[in-house]
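Presented below are the structures under discussion, each in the form of structure tokens.
One chain, chain A, appears in both complexes that follow, with chain B as partner in the first and chain C in the second.
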Partner chain A sequence: MTEPILSVRNLKKHYPIKSGLLNRKVGATKAVDGISFDVHPGETVGLVGESGCGKSTAATSIIRLEDATDGEVIFNGGNRASETRREDGAHPNDVTEFNKRELKQFRRDAQMIFQDPSSSFNPRMTVGSAVAELLLVHGMDDKPRRRAIVEDLLERVGLSAEDYDRYPHEFSGGQKQRIGLARALVLNPDFIVADEPVSALDVSIKAEILSLINDLQEKYGMSMLFISHDMSVISKVCDRVAVMYLGEIVEIGDVDEIFENPQHPYTEALLSAIPTPDPRSRNEGIELKGTVPSPTNPPSGCRFHTRCHRVIQPPDMEFEQESWRAILNFRDRVAQEAIDLESIRENALGSQDSGSGVTDQAIKSQIRSEFGIPERIEEPTAETAVEEALDALVNEDTDSAREHLMSTFETPCETSKPEQIEHEPGHRSACHLNTSKGKTVELTPGDD
Partner chain B sequence: MSVNDNLLEVKNLTTEFRTDNGMLTAVDAVDFSIGEGETVCIVGESGSGKTVATESITGLVKEPPGKVSGTVELEGKDLQSMNKKELRQVRGDNIAHIFQNPQEAMNHCYSIGWQITEALQVHQDVPDDEARKRGIDLLERVGLANASARFDDYPHELSGGQKQRAMIAMALVGNPDLLIADEPTTALDVTVQAQILKLLNELQEDYGMSILFVTHDLGVVAEIADRVVVMYAGKVMERGDVFDIFEEPSHPYTQALMECIPDKGRETDGIPGTLPNPYNTPDGCRFAPRCDHANEDCTIGDQPEEIEIERNHEVSCVYYQSGYDSSVVRDSELESDSSSTEMGATDD
Partner chain C sequence: MATEQPDTFDEVNWESVRSSSGIVNLALKTKLMLITTLPLLALWLYDRVAVGQREKTFVQLGKDLGLSGPFETLGLTWNPAGLDYIFIFTIFLFAFYMILPLYENPRMTRYYWKEFKRNRPAVVSLVWLAFVFVVGIIGPLFIDKPEPDILKSFQPPVYATVDTANIVQCVGEASGGTCQGTWQHPLGTTGSGRDVLAFMVHGTTITMKIAFITTLIVALIGISVGTISAYSGGWVDETLMRMTDIVLAFPTLIFFLMITYIYGASLGLFIVIFATFAWGGAARYIRSKALSVAEEEFIDATRISGASRYRVVRRHIVPNTASSIITNLTLLVPGFLLAEAQLSFLGLGDAGLLSWGQLIASGRSSLEYAPWIILAPGFILFFTILAFNFLGDALLDALNPEAESEAEK
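Then we have the complex of A and B:
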């Protein structure tokens, strides 16, 4: 296998949380928490996930717009090929260790395209000079030549040479994104990071820009890291895709593999969120409830277990998967002491005639219905535990309610962290459900 | 289509703007109607006049420079002839609006709870504690977890999806008959988009309101619409039942939009070209300059009249007029079944 152009190993980016008079560090927001992947020459790798899962932070850390907390980003583009590790284990091509001079050279070989084309251009600069500025910064003093290069490039991205002297506000969103592409290409980079380049665009323009990106990549042969929250966009441009959740890669593999045979429940849910252009298949599919939890205090074990529709049941019990999810949600809310008994009492009151008050029984069944827990759970131990917890809740004894729930219900997903399992060569996922389906892999920190 | 059942009846709606470069016609003689409990989607690219059309309904277009003509009737009452006070009563009470970008549509200086109860107390004489209670109930109904605690949060403390939920609560507080949703999911993640669409469907069932939904994404249309109006450059190109539109898209523009939906294995380059200059719209069909099937008849006269090709499915394309062979546009790559050709040209 050829040497990858970019090799990310165990990359971490933590933002410190400081507080108090002395501004001491009291915690960290783990936006990116140990991701590893490779990008090979000419390849487009997608990074997909919901907002808040750390994909943009990963991009800015890779390109060193921000300094990574830990890990390596080895960039073999430009004329850095076939470097080997020094004796002390450091790699000369490690972006995170580049000095100022090396960084400037790196900025020439790696470029970025931003999400919002309107805010990434200086409104007081003509678009031509905005693109030509990069050439000037990197030492091209010949003004007519700069102009000629940029004019040629504008035509290549589907605009005209006369557009050189126009200002950003004169262009539509799609045209501005074309200029963004021209700016990324002007230095002839080996590697481009595209951060949600089409999510601010209309569907028709989106399709246009995606196809332009594909054409340009074929022509110039650069590699790309393409970030998006939309699986359907990923499918159009990427060769491989890495699915990110809460700072970690939960699944990585060939685009076709991932689409046809998703192994991680989160990937499954993301795929199912793509609106299907078929009015007859409404409301089918997996609904991902809630949003990504805070990366300051991520869930234990598998980070997705709080929202997973396939969360594993305790070995000695058997439920309908839906009730199991409901019980876990209930348990987590009780543990957070986020059950508002007052409003539940009112809701229960609403369903019956107002009067002296509500019976405890009514409150308990109101709680059950709000969380979607069935009136009677088939599993006797589970039923007893839920009932005892409800009794404790009604008596405003949250502590013992929590104890009942925590001691009875525990999913293997929260106790241990899933290993990366290899399904096919290059297709890995990290989910407890797959432990028996393949062999665990340990990514070597070497050069592939 | 029986006229009397309709909640909202828009006829000949035209919205123009006086600008430094002359008159700009954003919406040009558009008709549509919404029945009770129905969801109608207006779909088209940016710049096709969808948003201006919906804003013209509730008088949100500033006049001048805007100029709105035509009739907009809500339950038989003409909104255009209402004075400011009456219109204010309609807004929020009968018709509520939610906007694309919840970040910009909210006031940063007030808590979301304040903004929800304000909308309620403007229209109804409700004491503060009762308003608060109803606000919290609504926040719960729209799926904001821990509603009573979030009630006093400010917009910046909420995520995009949560803000959009709060916006929906704000719109629902007056129990409107019609909810106008202008690209409410465009700024959101796909997973959150799926949540919001599901919520709107549920709320519609609970409250029985009608929804006018504006979007550029046909994938979203398929999830939510009962009927679809396809707009381009201020004109209606095609309208019909959501099943008809998806199973038999008949206008070349609708077909082109369908092709834009990203899908694995299908190559698409978008729709070549851009919308026509709004100051100087082309003669004939507005879409003709970008249409693969355009002939010389497409570029003369006015936008072709809408022709009913089947019940409640109308298309504004010369190929469906008598004397033309509609199979030319029907048999695009999307349509492969032979039944569509058997229908042949329409007789009207």
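Then we have the complex of A and C:
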């Protein structure tokens, strides 16, 4: 197997939360919390996940716009091939340890395409000089040569040489993204990070830019890390894809393999969100309820268990998966003391016909219907626990309600962290459902 | 990799590129600035070291260089003071860093001009200020300083008359108890017999000195403090901003009166004190603008190109705060001009100074029969201040391409 051009090992980026008079650190937002993957020469790896999962932070930490908290980013592009670890275990190609001079050299070999074409150009600079600035920064003083290189490049990305002297506001979003591509290419890098390069564009322009990216990448043999929240975009450009959830990679593998055979429930949910062009096919979209939990205080165990539609049931119970999810949601809301009894009472009042007060029974069934818990749960122990919790809630005894729910309902997903399981060579996922299906893999820093 | 990929656009050998650099590659404006500033600095040092208190700089220079003859025929007897050196320096800065770039980038200039000329009053203002500028620079070369001559006091402007009871002697024709103005003193004379026109021409130079030097000081400190504060953050930001608060709260006028009381009034003192305590607003304004600019993606794009922190600030943050800087300065300058006039009017300025304010002050007691002494400089001052305000307004619109592109949508 050839040497990867980029290998990320256990990369972490935590933002400290400071408060108080002395700016004491009271916690950290774990935007990226230990991700590992490789990018091989000529390959495009996708990084996909919903907003706030840390994919853009991962990108800026890898390219070192921000300093990573922990972990290694080993970049073997440029003339850095075949370096071995030094005796103290540090790698000479570790981007996070680069000094000023090495970092400047690294900038020549790794560039980035930005998300928002409208703000990624200095409005007071012609686009030509914005692209040529990179050449100037790296010491090319020869102005005509700079201009020649940039004009040639502008033509290659589908614009004309005369556009050199125009200002950013004279271009459309798609054209600006072409210029952004030119800027990323002008130093002839081996590796490009594309941070949602098409998410701000119209659908028709999107396809054009994607095919341009594909063409250029093929032509110049670059490797690419392509970040997106859109699985359909990933399928068009990527060879492999890593699915991120709340700062962690939950599944990684070849695009075809992942699309045909997703192993992680979160990947399933993302894939089900791709619209199909056939109006007759009823899209059974998996709807993820709730918002992404805060990365400051991520859920225990598997981080996805708070929203997972396939969360594992306790060994001694058996439910409809849907009502199990509903019970867990109910339990979590009670635990957060986020049940607003007053508004539930009002809702109950609205749904009943006679206006004479609300009975406790009505409130309880209102709570059940709001959380989607069936009126009668098949499992007797569960039914008793829910009923007792509801009674306690109606009597405004949140503590004992929480007690009942917490002691009865517990999923294995929240108690232990899932291991990375290898399904096929290169296809790994981290989900308790798959523990029995494959062998555990552990990526260590030495594993390169 | 280049050999495997024949399609690669232009393989740059960076090792060879990096070796070539040096003074040859300085921008034209930097070269010109160096060429002009170094002799100025030399002259200033020469003035400080070799020229005595009572000698005139250029007379002494002529003697030392053995060029007394040619200097005399050219009439070079100028004796520049400290303020003159700073003034000339700011004019060089203005010429090479404002005017020259406009000439070098004709496309940009045309664009700005197209935007700017939509605003008619601003165009008129620009013409007026250009006129004031030219008069201020070259006027004193052609028109001598007005000397007091008590026999010629209160001469009326041409076509105007004054009661002979108020004057010592009439230069023009006196008939029937009134004295006619003459072309000898087109705008009349003051109570001490100084020619008002010549007074005003020399006053224009003072006005230009105030405008240029205060702009330089305020812009320099304001931009540095504002951008450093925004880009550094943390305790640097905290310290600089608290300093700014102090400057903003400082009772400049009282401080100026105190210094004037101890050392006596002078133009240099006025400029230095008022300018060094006026940058607070500019710094705060620029900081807030710079903070929002620093959030933009193109700053990240520049950082990722490998550009130094200085380059990011100098090339990307400062130019994008320009619209706020220019507006701020065009509103500050008229403030200084007014302050000078007001202090002079109250008798708190340098009485020997040939400024518009002093001219207005000198006509204070004779307003009843010699209104021209106050009216002429008063109008000029009024129009100049108005012009600065119009100009600031129009520049803000013209220098803001984003606002323009938004409006077109």
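What we mean here is this: the second predicted complex is superposed on the first by the 441 of 448 C-alpha atoms of A that agree within 3 Å, B and C clash if a C-alpha of one lies under 4 Å from a C-alpha of the other, contacts with A are read in each partner's own complex, and residues count from 1 in each chain.
Following the convention adopted for this analysis, a residue touches a chain if its C-beta (ideal position, glycine included) is under 8 Å from a C-beta of that chain, and two chains touch if they have at least 3 such contacts.
A quick note: this is a predicted structure, and the numbers were derived from the prediction, not measured.
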item: Superposed partners chain B and chain C on chain A - clash or fit; value: fit
item: First, second, both or neither for A:119, with chain B first and chain C second; value: second
item: Which superposed partner A:288 touches (first chain B, second chain C, both, neither); value: first
item: Which of chain B and chain C A:273 touches, first, second, both or neither; value: first
item: First (chain B), second (chain C), both or neither touched by A:300; value: neither
item: First (chain B), second (chain C), both or neither touched by A:233; value: first
item: Chain B versus chain C as contact partner of A:52, first or second or both or neither; value: first
item: First (chain B), second (chain C), both or neither touched by A:111; value: second
item: Contacts of A:65 with chain B and chain C, given as first, second, both or neither; value: second
item: Chain B and chain C, minimum CA distance [Å, superposed model]; value: 8
item: For the chain C and chain A complex, residues of the former touching the latter; value: 1, 4-5, 7-12, 14, 17-18, 20-21, 25, 107, 111, 296-298, 300-307, 311, 315-316, 319-320, 322, 401-402, 404-405
item: Partner chain B, residues of chain A touching it in the complex; value: 50-52, 172-173, 202-211, 229-233, 235-236, 259, 269-270, 272-280, 282-283, 285, 287-291, 338, 340, 342-343, 346
item: Chain B residues within the chain A interface of the complex; value: 45-47, 133, 136, 140, 145-148, 159-162, 189-195, 197-198, 201, 216-223, 225, 242-243, 246, 256-264, 267-272, 274
item: Touch list for chain A against partner chain C, complex; value: 60, 63, 65, 103-104, 107-108, 111-112, 114-116, 119-126, 130, 133-135, 137-141, 148-149, 152-153, 156, 165, 167, 169, 180, 183, 185, 187-188, 190, 219-221
